[in-house]
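Here's the structure, in structure tokens; my notes come after.
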Amino acid sequence: MAEKRPFDVLNNALNSNVLVRLKGNVEVRGTLASFDVHMNLVVENAEELENGETKRKLGTVLLRGDTVVYVSPA
Amino acid sequence: MAEKRPFDVLNNALNSNVLVRLKGNVEVRGTLASFDVHMNLVVENAEELENGETKRKLGTVLLRGDTVVYVSPA
Amino acid sequence: MAEKRPFDVLNNALNSNVLVRLKGNVEVRGTLASFDVHMNLVVENAEELENGETKRKLGTVLLRGDTVVYVSPA
Amino acid sequence: MAEKRPFDVLNNALNSNVLVRLKGNVEVRGTLASFDVHMNLVVENAEELENGETKRKLGTVLLRGDTVVYVSPA
Amino acid sequence: MAEKRPFDVLNNALNSNVLVRLKGNVEVRGTLASFDVHMNLVVENAEELENGETKRKLGTVLLRGDTVVYVSPA
Amino acid sequence: MAEKRPFDVLNNALNSNVLVRLKGNVEVRGTLASFDVHMNLVVENAEELENGETKRKLGTVLLRGDTVVYVSPA
Amino acid sequence: MAEKRPFDVLNNALNSNVLVRLKGNVEVRGTLASFDVHMNLVVENAEELENGETKRKLGTVLLRGDTVVYVSPA
């Protein structure tokens, strides 16, 4: 069995829905379009959430890696 | 199809409107004029926002990369 | 006796239950699926906890290493 | 047309008025006298502001780069 | 007399009781089982404390070095 | 005219009075005795201030560079 | 006259009393036993202080350098 690595989760989630939690209690949900080794993420059709509700539609958004808390494929 | 990278979003947004969320609940909206690998950004015709309302007109502003939470092209 | 190293705890916990405390009072519990040298972790069948109660089921989640406070095998 | 870079804003603002926002809600206004690659800044005839009002006259002040949120030429 | 170095405290505390204070007001007490140069620590028979009282038994726990405030051998 | 650099301010302030603002709303006033490239500072005859009033006399104090917000020669 | 450097303060304070202020409003007082280039400090006969009063006797304690705000020889 091949060794699994954390970034495989990002690779497998490309073009799929993800929930991203950022520092400072910000959450973004949308389609993962790209990522890099710093965990910078591009999410398309993105919505910013507050308490699980849509707070704002962001369209395409670049999330800075060092503000990421977690990324969860939907 | 060419591989997409997160910074492509910044490149494609040059001379266009962006919404930038910074740490500490600061938001800036304006025209992206330049950026570098540290995600330092220059925004022109910039406005600082509070709860989505214009708080202050900043004109040209240099935003330090390590305070960026996200950048969203308008 | 062989020298013990902190990451041995992660290696021994693979495919077992772990409790992960993150900065900002976030807790995640689930099965440790992978990790890397930055302490990035993938947890499967993950639940986000609040005061020890399930707040949200996350399924698979990638936790960014620099937000980790501690990891405890169940 | 020459490529623009974020630090050009600092270079062009030398000997001119700038508004600097620092982490922790500190604002300083004055004349930009020098800067370096870490975004350390020297501001002369500087005033520390609170809610847009002068809180304290600082004269010459060295601002540490990693506390800078943004710099805006007046 | 040999020169003393800070990490000697950790080396001397191996297999002994330690109190570890982490950022965010978290305290853990238990037996120091291992550490590395990043000050990542493994504590066994660990208890998380709140105001000096046991809040939760953690068993074995890996504490991430950059969240450590202090380590005190019991 | 020679190029000015931010650290010149520290060099010129040696043996003179400085006001240092640190993260977490701590202020120290006294005579700058030494500094290094990390902006670690030694202040002698130092007083810690709270709301501009002397809170505590510290005598000689070593201030860690990465907690510095600004340094202003008196 | 020899050039003074910030770490000289630590060297001169070895085996003497110091007051150490850490981030998060923690203060420790005791005898400085060792330090390294990261400003990791070992303090012996250490007491943790709250509002200038002894909160807890720590005995020997290793303080992580990046949590240090200042060190003041008594």
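Per-chain residue numbering starts at 1, and chain names A, B, C, D, E, F and G are given in the order in which the chains are listed.
Everything below uses one rule, namely that contacts are C-beta pairs under 8 Å (C-beta built on N, C-alpha and C of every residue); 3 or more make two chains touch, one makes a residue touch a chain.
Keep in mind that what you see is a predicted model, and the values were worked out from it rather than measured.
J.: Out of curiosity, which chains are bumping into both chain D and chain F?
T.: none
J.: Suppose you hop from chain A to any chain it touches, then on again the same way; how many hops at least until you reach chain E?
T.: The fewest touching-chain steps linking chain A to chain E number 2.
J.: Just curious, how far off is chain C from chain B if you go by their C-alpha centres, in Å?
T.: Taking the mean C-alpha position of each chain, the two centres sit 33 Å apart.
J.: Express in whole angstrom the distance between the two chain centres, defined as the mean CA positions of chain D and chain E.
T.: 41
J.: For chain A and chain C, let me know how many angstrom lie between their CA-based centres, rounded off.
T.: Chain centres of chain A and chain C, defined by C-alpha means, are spaced 18 Å apart.
J.: On chain G, where are the residues touching two or more other chains?
T.: 23, 66
J.: Ring order, please: chain F first, chain G next, then the rest.
T.: F, G, E, C, A, B, D
J.: Quick one: which bits of chain B touch chain D in the complex? Just the residue numbers, please.
T.: Touching chain D from chain B are residues 22-24, 26, 28, 33-36, 40-42, 46, 58-64, 66-67.
J.: Spell out the part of chain C that touches chain E in their complex, as residue ranges.
T.: Residues 3-10, 19, 21, 23, 25, 39, 65-66, 68-73 of chain C touch chain E in their complex.
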